[in-house]
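Heads up, the next two complexes both have subunit A, just with different partners, subunit B and then subunit C.
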Partner chain A sequence: MLTVLVQLILAGVLQGGTYALAAFGLSLIFCITEILNITHGEFIMLGGLVTYILFAATGLHPFLILLIVIPIFIFLGFGYQKAFIKPILNRPPRQLLFSSIVVTVGIATAIEDTTSFIWGPTVKGVSFSMPAFTICGVVISSLRLSILVLIIGLTIFLHFYLKKTFVGKAIRAILQNREGAMVIGINVPRIITVVFGIAIGLAGVAGVFYVLLFTIGPFIGLPLTIRYIAIVMLGGSGSLLGSLVGGLILGVAETFAGFFLGAHWSLSVAFFTLVLVLLLKPEGLFRHV
Partner chain B sequence: MFKKIFVPFNGVFILILIGLILLPRFVDPYWVVFSLLVFMYIGVGASFNITAGYLGYVNLGHYVFFGISAYGFSMVYVKGVPFLLCMAVGIAVTVIFATLISYPFLRLKGGYFALANFGLIKLFELVASSLRDFTGGTQGISLKPGYRPFQTYFIFLGVALLTVFVCYWIPKSKFGLALFSIREDEEVAAAFGIDVNRHKMGAYVLSSVFPALLGGAYAWYSAYIDPETVFGTDKALLPVTMVMLGGTGTFLGPIVGAIFMMIIEEILWTAAWLPVWMKSLHLTMLGLILAAVGIFSPGGFVTLTPVTVFFRWIGLGRFLGASHKSLDLERAPIQ
Partner chain C sequence: MRKTWLVLILAMAIFWGTIQVSIAQEKKEIVVGMTLCLTGRFAVDVGPFDQMIKAWENYVNKKQGGLYVKAYNKKLPVRTIVYDDKSDPATAVKFYERLVTVDKCDILMGPKSSPITFPVTSVPEKYHIPMVVSTANTPQIFSRGFKWFVGVQQISTAWEDHYFDLLEEEKQVKTIGYVGEDTPHTREVYEGAIPNAEKRGFKTVFKEIAPAGTTDFTPILLKLKAADPDVIYVSSFTPFGVTFKKQTKEFGLKPREWHFTHFDISFSSALGKDANYVTGAHHWLPGLPYGNLKKFHEILKETKIDTEQYLDVGLHYIALEVGEVAIEKSASLKPDDLLKSLWAVNFESILGPIYFEQTQGYGSFKQFAAQYIDGKYYLISPKKFATHKHIYPNPTP
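What follows is the complex of A and B.
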């Protein structure tokens, strides 16, 4: 029983790690532009799809595919920002809320439908395995372990990127006070573009890990976005640590629910987490970067 | 009181009403079904407008009330309970659910509220397909079949009129004034002595009643429901698209949007000259229309000049303006 528990926690931590990567992007976008990017889950799906296609076509090592996916998705983020977000960015708050919901839900639906039309509604996975080893009766696959190491590495990189570089400092400045940041001469539109690049890039990375660990289908996008919302609410918006902790909690909770109740209940875990957080601690666990 | 409410509904309105009541006598049953669906979307859309337009809380999962009521109705109806009692059960279940869920959800702001509600739709689709013993799982529930478009036509017409009437009454009432002030600024509204939580909850529950009425009747009409037909994402997004297209927060917006959207859908589905791939991609079309509306015309159709001119011409000009002037506060633009 103990080994099962350890196994479950490991699986949950891994799942939570992939969640946290994408959820941080979502919360960054939300804090900086006040736009809730409902399309976010679709980019995970697209990241997984690109990996699947590249893997089927070339048979490259998935971690090499990761190096291809990251620039593609950063530029996809720039393009997405330019085409759909920029035109609505300057509207007054309530109109911005309406427009952002309408636009992002519309794009998400369109992406879902087009993907399922072109690549079919079937579930896809990348069958790639690396040798597993056993420690004290706990089976650890080295694929999962290396993904975990990559996630940790990426998180540390992100942390230092936000703390040390100029762009990172500018992002944090805008998080704290947008008008103040403008006054001291930070180029806000450019930073917003960069933020979308980072966020969508992270979503793409999460998509690569997702397709390696689980399977993807065209309709996983919106349920994933709902999970990220739960994570962002749980962790508090705009906080890297918050996204990480929220992601881990949700990942472990979902794995346990999936093991004890059945896999199709995992989405309701996110939902009940959301309701619970709202009832107990509406402002989230952590504040800002 | 009488004058304030009833006098605006004269002339053109009464002509339209008589036309609608006589319509089933003169046209093909196909168009009766078409117009009953239009009424259904007007009802759902106009009640969505109560929370989204008047209160300023975009409830993307508004359609969930429709589905809950449809399921409540059907689960009782198959046991042989009379129609009206089943309707009452459907509405009661929905209203209780709305009251319970409104407490945690109305603490959310803006996009979070929208998405949490949208999650509700997904959750209910999941629950309805998982609880096989109660809901029949993905098989759905089959009711006793029958041919009843005409009765349904009048039920839906009645509910749509009721919804439209309530949506007309709200901006004139004290309740509506409270909703508008909450929409503009919650803290200020609270400072002026408005019980913010009670009004938000009231609007949320009130808006859940109309889809509940329609949901039960719809289950009765179609004689078959499954999770896909009452909790499907595309079904849930359609009324939202209609209202946004027509114009949120206006009286005519949901009506114009519903009629326009149903005509577009009809063309997309039936026109022989359109290629097949366009029909397969009709959800993509819906999404792109939604995005285009958000980018190019945030105010919706009722703010466009040709539409305005048309409504002035037929004498409904006074319904055009936003129900209440919005003071949407300025923020430093991003240069």
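What follows is the complex of A and C.
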């Protein structure tokens, strides 16, 4: 039984790690700009699609493809922000939230339809696997473990980036007090562009991991965004640690419920956990970066 | 005298009017309508079927000179109307209402999938226009006592008869573990497969339903590993099946056989060599000797549809074949005559003999069993049409 428990915890942590990575970008955008970026899941899908195309064309190791995907998606984030988000940024807060939902849902739909039209509606997966290994009776997936190590590495890097660099400090300053940040000379519009670059870059990375573990199709984006919004609410918006813990709670709750109550109950229990946490801590588990 | 003249003129006017009405009612074409999931979640399975429908229309009109209508003693051209239901039941219902009330279709073809077909079948019932259901076989669709549609497939609980026949004959498999994706269709196939296999003597050592969209199968895989079945039987759509199969490798799970109820080319291309020797349910594959294959091949060639990529192509096609037979044998194009003719259909389609169960209206077609071997799909059951010997146990290390 102990080996089963260890295996379940490990699987939940691995699952939660992939959730966290994508959720953090969404959280960061929402906290800095008050924009609910419904398109986030589409960028995960696009990250997976780019990986699929590059893998099929070159046969490169998917972790090397990651190095190509990151800059592409950072620049995609810059472009996305400039073209679609910047024009609505100066609206009053409530109007901004609704406008952002309308704009990003529209773009999400356009991305889905365009992707379906160009690459077809069929599901796509990368046929890449790594052998599992066993330690004390616990079967561990090398692929998932590698992905977890990469996620941990990326989280640590982001943590230090936000704590130590000027841009990171500027992001945190805007999170704490937007007007104050402007008064001390932080170029808020530029930082917002950078935030979109980071967030969409992370979504691209999550997309690479997603297509390695699961399959992608043109219409997976919106359901993914909904799940990540739940994680952001659980962890507390704008918090790196919050996204990580939120993702882990959801991942572990899903796995344990799936084993002890049956797979059918895994999502229900996970979201019940979310409701419970929000009842006890309505602001989420953590606050800000 | 004046009165007599008036009566005569009135009688002539009525007679003339009647002739005019009957001339106006003589149809100039046969209108066939349907919706397809050209976008949305089922678009993955439907692909370019709208083009196939047009190619069928062209073939019938240009090479057959249309379809024979007994009442007019001549052939009429066919016109097809296809709307995109966006894989959404409500949209599909809206379009079927339009097909009947605005487009004045003579006969309807069913949409893709049971969840969409279920609400849609209330439209032919309401307006009394016959429909041929193509890719839906949920028992609930047929058990409502509706009379205005028939379906080409056997109900989903009989989905795997050919596969289990093969296992029974080979006597190698003893135990089966079942996993089902929680959608109406895949759940019914799963629920139908278990008693179907048990009555043939196969022991169920594991069974579990998982929600559609499940991404982490660890809990199921741990239990399956402990159960160690000869066959792992997965009733799911492709994305679920691919994710499940991928993760089993990560857990080192190696049953003697993998069986997936939906395993088209997107399944095998997403899994690569891990799809090798997987068995599954398939519709039309080369090797089947039935029906007018020349016409079918010509239509497929024109639309560049690969039957390995789009499993449902055969089902949509035989629905059109059923429509053809029903129209040509019907006394007229009147809905009542067409419906009578539809229920009496009995012919050899490209998927074998097609006829309808006479109380509920579901069809006679059962899925064939196939195996994916070195990049190609082969029929393995029924044995008389097998294009390859069933490879068991799965030799993949």
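Just so it is clear, the second predicted complex is superposed on the first by the 258 of 289 C-alpha atoms of A that agree within 3 Å, B and C clash if a C-alpha of one lies under 4 Å from a C-alpha of the other, contacts with A are read in each partner's own complex, and residues count from 1 in each chain.
Methods note: a contact is a pair of C-beta atoms (placed from the backbone, for glycine too) under 8 Å apart; a residue touches a chain by one contact, two chains touch by 3 or more.
Note that the structure is a prediction, hence the values are computed from the model and not measured.
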- Query: What is the contact status of A:Ile53 with respect to subunit B (first) and subunit C (second): first, second, both, or neither?
  - Reply: neither
- For A:Val4, is the partner it touches subunit B (first), subunit C (second), both, or none of the two (neither)? second
- Would you sort A:His264 into first (subunit B), second (subunit C), both or neither based on which partner it touches? both
- Message: One more residue to check, A:Phe214. First (subunit B), second (subunit C), both or neither?
- Response: second
- In the overlay, answer first, second, both or neither for which of subunit B and subunit C A:Ile156 touches. neither
- Item | Partner, of subunit C and subunit B, that touches more residues belonging to subunit A | B
- Item | Touching partner for A:Leu64 - first (subunit B), second (subunit C), both, neither | neither
- Message: For A:Leu274, using the defined touch cut-off, is the partner it touches subunit B, subunit C, both, or neither? Pick first, second, both or neither.
- Response: first
- Query: Just which bits of subunit A does subunit B share with subunit C as contact spots?
  - Reply: 113, 223, 264, 267
- Item | Touching residues on subunit C, where the partner in the complex is subunit A | 39-41, 43-44, 46-47, 182, 208-211, 213-220, 222-223, 225, 238-239, 242-243, 246-247, 249-252, 265-267, 269-274, 309
- Task: Sort out for me which residues of subunit A touch subunit B in the complex.
- Result: 30, 34-36, 38, 84, 87-95, 97-103, 105-114, 117, 178-179, 182, 188-189, 192, 222-223, 225-226, 229, 233, 264-265, 267-268, 270-271, 274-275, 278-279, 282
- Task: Show which residues of subunit B lie in contact with subunit A when the two form their complex.
- Result: 52, 56, 58, 60, 104-105, 107-108, 110-112, 114-116, 118-120, 122-123, 126-127, 130, 183, 233-234, 237, 240, 244, 248, 277, 280-281, 283-284, 286-295, 298, 326, 328-335
- Query: In the complex formed with subunit C, which residues of subunit A make contact?
  - Reply: 4, 7-8, 11-12, 15, 113, 116, 120-127, 129, 132, 134, 139, 141-144, 213-215, 217-219, 223, 251, 254-256, 258-260, 262-264, 266-267
